[in-house]
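Letters A, B and C name the chains as they come in the text, with residue numbers starting at 1 for each one.
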Amino acid sequence: MSIKLKHIKKTYDNGEEVLKDINTEIEDGQFYVLVGASGSGKSTILNAIAGFIPINDGTIEIDGRDVTNLPPKDRHLAMVFQNYALMPNLTVSENIIFGLKARHVDKEVQQERLNEVLQTVHLTEYKDKRPTNLSGGQRQRVSLARALVSDAKVILMDEPLSNLDAKLRAEMRREIRALQQHLGLTVVYVTHDQTEAMTMGDQVMLLNQGRIEQIGAPLDLYNAPANTYVADFFGSPAINLLDGQLMGNRLQFVNGVEITFNHELAGPVRIGVRPESVRLTPQGAFRGRITHIEPLGDGTNISVEIGAAEPFRLKVSDQLNLRTGNEIAFDILPDQMMLFDADDRLVGLGPINELAV
Amino acid sequence: MQKKQNLLALVLLLPSIVVLGMFVFYPMIKTFWLITQLTDLMGNPIKFVGFKNFINLFHSDSFMTSITVTMIFVIATSIFTVLCAYFLAILASKKMRGMGLFRTIFSATMGISVTVASILWLFMFNPQIGLFSKVLAALHLPDVNWLSDPVWALVAIIGTTVWMNIGFAFLILLGAVQAIPTDLYQVADLNGASKWLRLRKITLPATEPTLFFVMVVTLINAFQTFGQVDILTAGGPDYHTNLLVYSIYQDAFVNHTIGRASAESVVLTVIIMIFTFIQFYLNKRKAAKYAG
Amino acid sequence: MQVNRTKQIGNYLLLSVIAIILMVPLLLGISLSLSSSSSISQGNLFPQKLVFSNYVRVFTDTHMAQFLLHSLIVSGVVMIGQLVLSILAAYAFVFLDFKFKKTAFVIFLSTMMLPFESQIIPNFNLMRDLNLLNTYSAMALPFLASAFGTFMIKTSFEQLPPELKQLSQIEGLSHFQFITKVVMPYCKISLITFALYSFLTNWNMYLWPLISTDNDKVRTAQIGLRQMRAQDTASNWGLIMAATIIVVIPTMLIIFFGQKYFKNGLTSGVIK
């Protein structure tokens, strides 16, 4: 089932515009992630698709049918919530068939489907327990099972993993993704967590203050961010954004380092460098004192004072015998550089020329 | 969609609004009308007299006595109730084995009706066989005519009422004392604070909104006191325990002076309104305190 | 830190003494109810010999059994009425969006500052004119709606996670299904608390039953006790106390079993 959002606009009664012209198409069987900071409008889009809130303008189509003015129950979708939304007085089984009962589905069919989904989410042995006796992960599985049992082909998920601890979150990420691919579900997934967006999504929409910043596959958003906001959102540690000046075929960094760089643009630019797009070398053009160092075991995060607005963040895959205050030198890998214009829009990628000091 | 919600809301609210309209708002309006009327023995209005009922009321010695003893009663009852209940709440907030039993006993009077409480205390005050007379006799003190002495009768009613009210006040205050985060006390322990300092610097400030709140609720309830007077003293001796509601009852259903009783009702309403506003304000402050 | 045993014992001692002092009136009442008339008239506070005849006489010589039944009916009807009406009104305030919501809210709120004690005259006249004096209707009708109950239940409904409302929308629950299958089970504790509180208050009601009845037809137990008080001769104290203890038993049971509900429930809502 595909979902089409056409020119969706939503304004609150107090005049605040929370969605400004949202357009996208979610394909059948796609894992579609809506990501953004809080207040970006990602949950509002989900609520609009579900039909919880009326929109001011635009149309919503599910499977080619205009559902803009239909109540939630007629949109044939299911939902998984951040805080699980389980009834504390019902058992796992009763919670799962909650909707089937409300819709007066045949009793035998209810049981059949219940047993099926219980197996799918590995909860058969817990079916008579109450939610209070389950762990967070198990509760979320119940919530997932309840969504699956309805046979809806579209499942909306609103930050389903936010209440879980880090280890469980990683586990559930894989589990949900595997389930979605196995059952061919269309999932619209809301999260504020860039890792979830990157690791789970087929397609990711990054929102900022009610506007779409970029839509695309996770790696496209990472490698070719449409603007500095997108560049800064993905990646940890965050991308380095250095001020620079393009003059003919030379690119000058704010700290005075110059490289040859051919581009039709001239004037002030911002240069995006991912922390891992560097090479440590004693002859490096960039050098400075270490202000902060984080040994991670499988690598090291370093902040270096290079004379720019803020320390430069590096991420290397070696364990280093270095301490705060030590001098360090490195080069930027030119083929992974990004260039943004004065309006923060992406204008150039990669190396046009060799690094030459 | 919106129209459907309007209709449903009307259907859901209508039963309550009809009942409240018939038995709260209509009587209220009727009361304000009745104070301008002279009535016959059946309570039927016969003549418009303007504010005469009010003027007469405030020139009547018995009413002034009634309002004075009501004030004394209300203030004394509230202060003693809150003090006793607060002491019990702090005592019972300790974590000790078997505390549940004590808490149940301390809150038990909440379930005791006015009639039951009054009859139990009626015996305590009995001049021949009551407990207090026995105790006084054992201490070789002169006997007191608890319920027929103008001062002691009021004391007796205050005592009975405080005893009745302790249960509810205790339960609410206990909740407030228990809600104080234990880390506050841990910090106090680390600094070697004395018991008195802990009470003054931690317990009191943290429970202050609830304390005031219970005070006002007790005040409001005290103004509505009727049963204790009816059973223990019947307003006597010589109107010295003639609390406001008892006075209304007497004037309306025994003396059949409906105009006067209505005027007294209005006085009561105004008093309760003032305190209810204070209560709403305190409730907001309490909510704000808990949120912060 | 070591537990200070002396201090511990001191605490228990203090608590016990206070508990006994608080319970003296009730304990004396029980004691008298088990004493014979002669024992009481000789001035004994405690029975020389345990007798249960006072309790038997309450049921054989007085109308108390009948009055208790009347109390049960009135309290039960008012409790159910308050519960149902308050749930309906609270639902409208919390889950519906309607015109004049603020006005309706103020109407409910304002009834909390109009004491029933100040409206007994018009209410009595109304019941008299409707020919309802000495009926269950007269005793129950004025109390069927409760602003306090509405606010307490409203506060509890507001705690319902909005996701459960959304889930119910997706599954297409009707308003009725939503109330009975989701809201009421979720807010069970508050509903029980209010029901117990309501029953307690109604069972103990005094002024209105006194005014609205003048014969034994529907008279409640509280008023029955008042009648017995009129004959407080020494020889009668045993009987009066036995009746008193019988009347207080139901509410005491409610306090014992409902204590934990009251502490949390009554503080969470608006308190009368």
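Everything that follows uses one rule, which is that a contact is a pair of C-beta atoms (placed from the backbone, for glycine too) under 8 Å apart; a residue touches a chain by one contact, two chains touch by 3 or more.
For clarity, every value in this text was computed on a predicted model and none was experimentally measured.
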Message = Suppose subunit C were gone and every other chain stayed put; which groups of chains would still be connected through touching?
response = A | B
Remark   = A count of C-beta pairs in contact puts on top the pair B-C
Inquiry  = Counting only Cα atoms for the centres, state how far subunit A is from subunit B in Å.
reply    = 59
Key: Where subunit B and subunit C are represented by their mean Cα positions, the distance between them in whole Å   = 16
Message = Centroid from C-alpha atoms only, then distance subunit A to subunit C, rounded to Å. What do you get?
response = 56
Inquiry  = Quick check: what residues of subunit C touch more than one other chain, meaning two or more?
reply    = none
Remark   = Interface with subunit C, subunit B side, in the complex: residues 2, 5-6, 8-10, 12-13, 15-20, 22-28, 30-31, 34, 43, 88, 91-92, 94, 96, 98, 102-124, 126, 128-129, 131, 134, 163, 166-167, 171-172, 174-176, 210, 213, 217, 220, 223-224, 226-227, 230-231, 245, 248-249, 252-253, 258, 261-262, 265-266, 268-269, 272-273, 276-277, 280, 283
Remark   = Touching subunit C in the complex, subunit A uses residues 47, 50-52, 71-75, 77-79, 81-85, 87-90, 98-99, 102-103, 150
Note = Per the touch rule above, subunit C residues touching subunit B in the complex are 8, 11-12, 14-15, 18-19, 22-26, 28-29, 32, 40-41, 43, 45, 85-86, 88-89, 91-92, 96-99, 101, 104, 107-109, 111-126, 141-145, 147, 150, 175, 200, 203-204, 206-207, 210-211, 222-223, 225-226, 229, 232, 234, 237, 240-241, 244, 247-248, 251-252, 254-256, 259, 262-264, 266-267, 270-272
Task = Show which residues of subunit C lie in contact with subunit A when the two form their complex.
result = 161, 163-164, 166-173, 177, 181-182, 185-186, 188
